[in-house]
Amino acid sequence: MVTAIVLIRAMRVEVTRVAEALAALEGVSEVYSVGGRYDLVAILRVSNNEEMARLVTQRMALVEGIRETETMPAFQAFSRHDLEAMFTVGE
Amino acid sequence: MVTAIVLIRAMRVEVTRVAEALAALEGVSEVYSVGGRYDLVAILRVSNNEEMARLVTQRMALVEGIRETETMPAFQAFSRHDLEAMFTVGE
Amino acid sequence: MVTAIVLIRAMRVEVTRVAEALAALEGVSEVYSVGGRYDLVAILRVSNNEEMARLVTQRMALVEGIRETETMPAFQAFSRHDLEAMFTVGE
Amino acid sequence: MVTAIVLIRAMRVEVTRVAEALAALEGVSEVYSVGGRYDLVAILRVSNNEEMARLVTQRMALVEGIRETETMPAFQAFSRHDLEAMFTVGE
Amino acid sequence: MVTAIVLIRAMRVEVTRVAEALAALEGVSEVYSVGGRYDLVAILRVSNNEEMARLVTQRMALVEGIRETETMPAFQAFSRHDLEAMFTVGE
Amino acid sequence: MVTAIVLIRAMRVEVTRVAEALAALEGVSEVYSVGGRYDLVAILRVSNNEEMARLVTQRMALVEGIRETETMPAFQAFSRHDLEAMFTVGE
Amino acid sequence: MVTAIVLIRAMRVEVTRVAEALAALEGVSEVYSVGGRYDLVAILRVSNNEEMARLVTQRMALVEGIRETETMPAFQAFSRHDLEAMFTVGE
Amino acid sequence: MVTAIVLIRAMRVEVTRVAEALAALEGVSEVYSVGGRYDLVAILRVSNNEEMARLVTQRMALVEGIRETETMPAFQAFSRHDLEAMFTVGE
Amino acid sequence: MVTAIVLIRAMRVEVTRVAEALAALEGVSEVYSVGGRYDLVAILRVSNNEEMARLVTQRMALVEGIRETETMPAFQAFSRHDLEAMFTVGE
Amino acid sequence: MVTAIVLIRAMRVEVTRVAEALAALEGVSEVYSVGGRYDLVAILRVSNNEEMARLVTQRMALVEGIRETETMPAFQAFSRHDLEAMFTVGE
């Protein structure tokens, strides 16, 4: 599983429509309208890097009303469950 | 339910330790080490704004090795399920 | 009660009109024209996060003449009255 | 009456203490801990420009734990009441 | 007397015309074409905050060819004469 | 006559002292404590470029408590008087 | 051999087309679509500085759909092979 | 195969040493000292995302003299050979 | 003699034409196409501040294809010859 | 001949000393103290890319009092003489 977090600035009057259009794409697990410098944050979860490439540079690129995106691919996920369970990331 | 996404820059040698310390906090649902300008992204989910205030300004503030954070509180969540079920903002 | 402070850059010739249009929206408690990098600061006060979402991403988005906004949702309010009275924020 | 909005970045572990110290100063009407790039927003209200100068460059400067401030003096206030009463900038 | 310093970026071919148009406005005491990141610096001197509001958000806003402004209202003036004379700013 | 405008960020607790120290330097005609991203703005007026070099890189550099400066040398001055007298750039 | 790394922001819907157009240019050794603030990174390798000038300011400039580029000419290359072999860069 | 490009700012006197230390790490294919805003660019090539996580957040983090890094994971590689052979993203 | 260094961003397809147009202006001693965040650097040398004002705000402003400029007027020149010869800048 | 322009921020009290130290280095043709966001601009001229690497990453790195540098290697030089003589990029 490959995860990425995407920070998005949208056209002002389009924020809700962009959020819905993104949420409807396969591979987009959640979209949040947020406070701060960005309008939306999307969480992407796909099965490999090639699908991520297609989602980010092709399918998301076709959603209209997006002004700017900054994609942050996740290297590793940390969660309490993992920590309680087995997690022994050599450090 | 109140959600926030937090962008985090950590001390270089501390990234993994900070990620684990954050993931161990109640209310921190996931932490990702990421590419791009930030080191970590944390997803917070708590039951109301007061808990969010405590988590962000008090409990997370005690985690050492964090250089800078930018918290983006979510106003609204969009997901395919919601869209299919015709929009019922869980809050 | 949910509060947010919004930093706004408006079209140059529209600053006063934008300020008036924002001040007329329900949930916008005050608008200030200000010096510095921003043109206007708006203080929003609504009764819950859902209304905040609607105010920020839908009703404010329809005000014309706004170039850019940065919304800062308040986690917690501090004031002398609170401090004198009961305030015992565990710290 | 002279108003200013101040954006504040504080030392991470000091955010709550700084907020309380600021809120205790005469002339500081409200302080909010906020999401986004800043930690706190303070609303200042004093009776003239000289008092504002003293509050910003002298009294607030003595509060420890502040890393950076950006003061936005308000030129004019807009609110629904004023609009209804046909604009009388309190100053 | 209220003073403000305004940093201005103008359309490239308009710098001189903008400078002249600003210098012709009542309340604009001097305009300089400058090196660095900005094109012009204007010094404004008016008799009170209301006039400053009108000058900055209304009359200057009508000067064409301005791309961006950043207004820095002065809190306090320091000069050798003041220092030699009576200046005893409690510190 | 050569003019320069200097934007200054000072140590928080030193703003007033830095302003007074700068105002006491020969060639510094005025210093203002200001709102916005900077703490102080100084207006320098000396008789030629060599004196400006000495004032900026040597004498001002010795004033303690300054964190950062950005000097904007003026190429040309515009003022209503000049405009009325048909432009004679004093230099 | 002269090397340069180029950071590229492209029009959103053009990222793949721009990447292919760049990769087809002689002297462009690789192009990557990337996460973070940029859309593409291109690695250029040509035989001398004059060819680099022509590639960057003329041939790449004709590729449509590029919004912004930042070219980082390489001064020196470091690799394990060089290090194992002869590398004795006086230090 | 997973690729990432890393932009690096190093301590001024350490640039060459940092470049050599990075180039000696397994998974770091090339390091360039470059002109522009960054000091070094490293090209990382490892066999999967987990190794990338370990290389970036653990092994590179131990190299001393690095001030700041910005990692850009590659989604897809484009090269003339691929284009000639009709696009087969090696991954 | 008055010197200024000008950092220039040009329209992508115009970089060479802008460089030639600038180099043809009297007072522009050299123009370089450069790597990094800027496209061109111009070195200006004229006999006094008034000519510099005219060159920067009027004649250069007419060159088409320039997006942005940042002019850095030189206060003082340092060179080995000066140092070997007489240079005794009181310090 | 290889040319580079270097933008430099120096420690405030060191600007003149840094300028002299840089000007004394072989390969540094001129150094200017300048207005604007930077303190100094150095023009480097050496005979090839390897010497440029050594000058920038090793010899200049040893000059104390420099806070930050941004090196812009020149791809091509344009000057009136060249234009008159029909472009022969000396390299």
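Observations on the structure shown:
A, B, C, D, E, F, G, H, I and J label the chains in the order they appear, each numbered from 1.
Assume a contact is a pair of C-beta atoms (placed from the backbone, for glycine too) under 8 Å apart; a residue touches a chain by one contact, two chains touch by 3 or more.
None of the values given here were measured: they were computed from a predicted structure.
Separation of chain C from chain J in touch steps, taking the shortest path, is 2.
Interface note: chain E and chain I, two copies of one sequence, contact each other through mostly non-matching residue numbers (shared numbers fall below half of all numbers used).
Of the chain pairs listed in E-J, G-H or H-J, the one whose interface repeats that of E-I (more than half of its contact pairs identical by residue number) is H-J. With centres taken as mean Cα positions, chain H sits 23 Å from chain A.
Remark: chain C and chain F have CA centroids separated by 36 Å (rounded to whole angstrom). Averaging Cα coordinates per chain places chain A and chain B 14 Å apart. For chain H, residues touching at least two other chains, in rising order: 16, 33, 35-37, 53, 56-58, 70-73, 75-76. An unclassified topology is adopted by the chain contact network, corresponding to no line, ring, star or complete arrangement. Pairwise, the chains that touch each other are A-B, A-C, A-D, A-G, A-H, B-C, B-D, B-G, B-H, C-D, C-E, C-F, D-E, D-F, E-F, E-I, E-J, F-I, F-J, G-H, G-I, G-J, H-I, H-J, I-J.
Residues of chain C touching chain D in their complex: 3-5, 7, 19-20, 22-24, 28-38, 41, 43, 70-80, 82-83, 87, 89, 91.
Interface residues of chain A facing chain C in the complex, by the touch rule stated above, are 12-13, 15-16, 33, 35-37, 39. Interface residues of chain C, counted against chain A in their complex, comprise 4, 53, 56-58, 61-62, 66, 69-73.
By the touch rule above, chain G contacts chain J in their complex via residues 2, 48-50, 52-53, 56-57, 73, 75-76, 90-91.
Of all residues in chain I, those touching chain H in their complex are 35-37.
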